[in-house]
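Two complexes are shown next, each including subunit A; its partner changes from subunit B in the first to subunit C in the second.
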Partner chain A sequence: MPPAEIWVDGLVQSCIYMTMAFGMVLVFSILGILNWTHGQFYMLGAFVVYYAITAAGIPFPISLLISGVVVGGLGALVEKFIIERLTAPGYGMLYVTAATLALIFFFEGAAGMVFGLQDKGLAMVLPGVLNLSSFSISYQKIAVVIFTLVIMIAMYIVLNFTKVGLAIRAAAQEPDAASLYGISVGRVSVIVMGIGCALAAMAGSIMAPVYIVNPFIGRIPMIFSLLAIIIGGLGSLTGAIVGGIILGLLNSVIAYYVSYLSEFVLFLLVIVILLVRPQGLFGASIK
Partner chain B sequence: MIPYLDYKTLLPRTAAGFLAALLVIFPVFTTNVITLSIFISSGIWAIAVMGFTLVLRTGQFSLGQAAFMALGGYTSAILTANLGMPFWPSFLLAGIVSGIIALIIGLVVLRVGGIYFSIITLALCEMVRLLAQQMEGITHGVRGLIPPPPPPIVLGSFEINFSTSIVPYYYFMILLVAVTSLVFWQIGRSRLGGTFSSMAANQILAEHQGIHLMKYRVIAFTVAGVFTGFAGAYYAHFLSIITPLMLGLWESIQIMMMSIVGGISSIVGGALVGSLVLYTLGIYLSRLPIYNIQYLLFGAVVVIVLLFLPKGTGLIDLWGKFWRKVFREPDEYEIPEEVEAAVE
Partner chain C sequence: MKKWYNVVAILMATFIVLGVFAIGCAEPAPPQPTGPITINIGTPVPLSGPAANWGKVPTPFYEAFIEVFNKEGFQVDGQTYNLKLIQVDDKNTPEGGAAAAKQLIFGDGCKFLVGHWSWNFPSVSAVTNPAKVILIARNGNEAVPASWGGLYDPETMPYVVFGHPSQEEYLGDALAIVKAIPDYKVLGILDSTQGKGAGWDNVDNTLDADGVKYHHEWYTPGTADWAPYITRFAEAGCGVVFTAGDISSTMIFAKQRWEMGYKDMRVGHSGPILDPAMYVAVCGRDAAQGLIGSYYAPWDFKEIEVNPKYIDMCQEAMSMVSEEQGKPYVYTGGIGWLPTQALILAQALEKAGTVDDPDAIMEAIRGGTFDTPIGKYTMSGAKTYGSPIVFGNPNAISQIQGDKEVYISESPWQPIP
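Let's look at the complex of A and B:
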């Protein structure tokens, strides 16, 4: 049995993968595409928070919201000007996949040019450690877990009890029928892309004080949230949450026993899941 | 839906022959190491890009092409550097091993389509990298292997020495690219190529015409695997190093970007143009004092090509349009808009 720190670390990772995967699945259920650039929005969110705190002196909780708004707006622009044109009828899946993959390089290059390649740290935000009898947790990690809970509850309320949420659910279920009832599916797509990217950005910014900040931090969360989605089932929001939790805990527990080969085991697991049960744990509908 | 371009509309035979001749006598004008190595590297990438485009034509978006380059490179490097085998048999074995692995993986994995195939190949790519990193005893981990240069070829009194000059590498690249282009070109012209382009045009229709999709996907994946393996082996010997971080997921994405920029409507031409343009651009941009500008421009170029060239057909189609407009050749292969709409 691994020690408690391993489980705590796994839980922190799960929170991040969960938030990222939730945004990705939300985008997938409306737009029908996988947003491969999701990890770069995570990275941009971390940079926005870094500069909001160090350059402008804005307190941490407010700069979290700022990074969500800024990067969410950027994601909405990407949807409006690139994805919408490449998902028009006559275009296949291939073109929009290629475009979002190319945007990875675009955003990493832009971040490297503007912010520089050297590692940056934010460790002075929320210093200190909570000492329990047998082990200790840093306040920052507790903040990650609480923040993720808040985000998930907020998303639950938005999706289930507001008009926008109703429109999103309707457009996800049956876009044609939804547009007959006066819902602009195009506008819903922009909103959903904005929300998804804002979630990624906030995940990145809450993690910025735990890890370092550089232009390439988005790569690993992107791949892992992709794996979380596959475990939970592509297209299912519950699946994204459960997949994120399973993946984070598995990653940290397997790594305790076989160190670097844990990623290898996880990739193998995902390939087997895709071959045997492509609908994942929650068997969501596949378009 | 991938548009299909006929080679006749791109370049007349005389011009193509002239270009090829120019490439062959190119080292007469300059033996500058940097210029020649740009050509050599973009030729190597072009081979991998051709493989990617061929797999794409069967409707599968592979993100694992760099993994086959790594497999080829590691096979050749392990055989020559660790086991002391001569260069030529291990070079051949690199392609064969990569092809066999592609065949086995393809038989299992190609039955899932669309986004799932991309994710599986992504996972395979990362698994190859992790294995190369972890099997310290064989691959020397992240420090990598150092394969020796090819041995000198003695032709009577004349000796072709790979270790003193870069020109033999250049000619070997020309040979490799020529053979690969010829094979892919012939595949494109043959009945097999017709099948591939019908699958590219409309998979469901092709399946209902009695085309066994799985069989042709496996053929395309294996052919791509063999030649990508050769490219990887040559890459390792040319740079005389191979490390796990050299050929990973991001290089796969780079292959995809070269394919898109060059144009997926033509397997050989698009690959050659795309890899030459992007690789040269990358080399010259990375000399500028602005860090990372090449990545920014790579991404921007791909998105611009996708947005503004019709259906992302890339530079080769742009050239084809220009050529047809200038010389007013009748466009026999254009399908009327309403027929295209009816097919969809």
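Let's look at the complex of A and C:
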């Protein structure tokens, strides 16, 4: 049995993957696309919070919100001016995929030019550790867990008890019927893209003090959140959460036992899941 | 008689006229060079992507050092020469390395490639060797002889020189750590799977032979969650963990081990400390204390004597960069690369008496002794043509103390015989 610190570490990983995966699934359920730039919104969120704290002296919790709003707005612009045009008749998914893949390098290059390539850190935010009997956990990691819980509760309320949430769910389930009831699916798409990107940005923001900030930090979280979605089931919000938890815990536990072979084992596991249950744990069955 | 006078006068006049005409028509003699001749030296180096810092951080220092060096230049056959540094982004990839080497040699007219850093030695040497361009690079896992499992073949790569012994440096740094921290218990070694290979097996074997107790772990590039590895190192009883991975990984590792309560576990990385302030910002001040890195400030060396002239040159170049950047330039890691290798090249050209004959220059390099800012060493390979041609290294290490980097130990490496 791995020691407690491995489980705690896995829980922190889970929080990131589920937040990222939740945003990706939300976008997929409305727009029908996988946003390959999701990891770069994570990275941009980390930069926004870094400069909000170090350059403007804004407190960390407010910086998190600013990061969500700024990057969410950027995501909405990407949807409006790029994705919407490429999903118009005459184009296809390949165009959107190519565009979002191209945006990976665009955002990384732009971030490198604007913010520089040197690693940046926010270790001064929430410093210190909580000493438990057999191990320690940093306040930064505790903040990650609390923040994720708050985000998930907030998303539950937004999706279930607000008009916007109702419109999103309606557009996700029956876009044509939703249009007939006066819901602008185009507007909902922009809102959903904004929310999805804001979630990625806030995941990057909350992890900025835990890890480092540089233009390339979004690549691995993106891949892992994609794995979480596959495990949980593409299109299922519950699946994104469960997939994120499973992936985070598995990643830590497997790495504890087999170190560098952990990713090999994880990807093998994903292949097995796809073979046995292609729709994932919570996805609708594929016919 | 008068007739003869007339004939002689006419002939003389004719000669004078023809002579003046010939002088007038003759092409002017080519002007003799009055100043130094500039030799272009090229470096394929990462200037973009995640490894860009390795290229970008030392670049201003390299340029300043070349400027300082060129005040005197070097002499070959009575002619003064200067160096001009041209860098091309190799993106830290094999394709990028080959493309950069082609650009430097065939586009920019570089006669030598010096100071090459990246993990793409085979692709760069595949361009330089057929062009008979001498490449002074570092060795590494892929750049050890085929007999060790690497890709270096002296028969097909006769113009390759290993001016920076990365392979030996890693081992030397590990020995310097053991020397500085005798109660290390077990030395943890953490390396990316990119570095997995025969070269590192050789390092492990050497540590075994030296009686160093160690525990080796490998990780896949991109790993950011170190808790499983930290736990394994702690369970193995490691008092020090020395990483051969990138700086970002080391900083996060150091931070996480501190947060997990393993405050006595020292952490270090191969390669120089970039800027102590960055480590403090990422790890936190307490977690960054005692973090170990390679050290190349020759003014602090205790076991290797360095020519004071080169110390002055390095310090002058660092002052120039500090002035230009408006803040202290503290990165000394560059001293062990381009300045050292540029001096090896310049001295080899002086010894060979030519800048154009690569075979004669290689003859001067093999087994030659060169005086550089990191010490005076003799290249291996003098008698045993076919062995790797490797320069020495002080293998000094430093640690972060407060906001500064301070020397702690060194374990000078003897070149391979």
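The rule is simple: the second predicted complex is superposed on the first by the 284 of 287 C-alpha atoms of A that agree within 3 Å, B and C clash if a C-alpha of one lies under 4 Å from a C-alpha of the other, contacts with A are read in each partner's own complex, and residues count from 1 in each chain.
Convention: contacts are C-beta pairs under 8 Å (C-beta built on N, C-alpha and C of every residue); 3 or more make two chains touch, one makes a residue touch a chain.
Nothing here was measured: the structure is a model prediction, and the numbers come from that model.
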Worksheet item: Clash or fit: how do subunit B and subunit C relate after the overlay on subunit A?
Response: clash
Worksheet entry | Partner chain(s) touched by A:Asn131 [first = subunit B, second = subunit C, both, neither] | second
Discussion item. A:Val270 in the overlay: touching subunit B, subunit C, both, or neither? Say first, second, both or neither.
Written reply: first
Fill in: Partner chain(s) touched by A:Lys120 [first = subunit B, second = subunit C, both, neither]
second
Worksheet entry | Touched partner set for A:Pro3, first subunit B, second subunit C, both or neither | second
Practice prompt. Would you sort A:Ile62 into first (subunit B), second (subunit C), both or neither based on which partner it touches?
Written response: neither
Practice prompt. Check whether A:Ala99 is in contact with subunit B, with subunit C, with both or with neither, and answer first, second, both or neither.
Written response: first
Item to complete: Check the residue A:Gln13 against both partner chains and state whether it touches subunit B (first), subunit C (second), both, or neither.
Response: second
Discussion item. Quick one: is A:Val158 in contact with subunit B, with subunit C, with both, or with neither? Answer first, second, both or neither.
Written reply: neither
Worksheet item: Which holds for A:Ile146: it touches subunit B only (first), subunit C only (second), both, or neither?
Response: neither
Discussion item. If I apply the document's touch criterion, which positions on subunit A are contacted by subunit B in one structure and by subunit C in the other?
Written reply: 109, 112, 117, 219, 260, 263
Discussion item. For the complex, give me every residue of subunit C touching subunit A.
Written reply: 48-50, 52-53, 56-57, 193, 217-220, 222, 224-225, 227-229, 231-232, 247-248, 251-252, 255, 258-261, 274-275, 278, 280-285, 287
Response to the item:
In their shared complex, subunit B is touched by residues of subunit A numbered 34, 82, 85-86, 89-95, 97-99, 101-113, 116-117, 215, 219, 223, 226-227, 230, 234, 260-261, 263-264, 267-268, 270-271, 274-275, 278
Response to the item:
Counting only contacts in the complex, subunit B reaches subunit A at residues 1-2, 56, 61, 108-109, 112, 114-116, 118-120, 122-124, 126-127, 130-131, 133-134, 249-250, 253, 256-257, 260, 290-300, 302-303, 306-307, 311-312, 344
Worksheet, complete the sentence: The residues of subunit A that touch subunit C in their complex are 2-3, 5-6, 8-9, 13, 109, 112, 117-124, 127, 129, 131, 135-138, 140-141, 211-212, 214, 216-217, 219-220, 251-253, 255-256, 259-260, 262-263
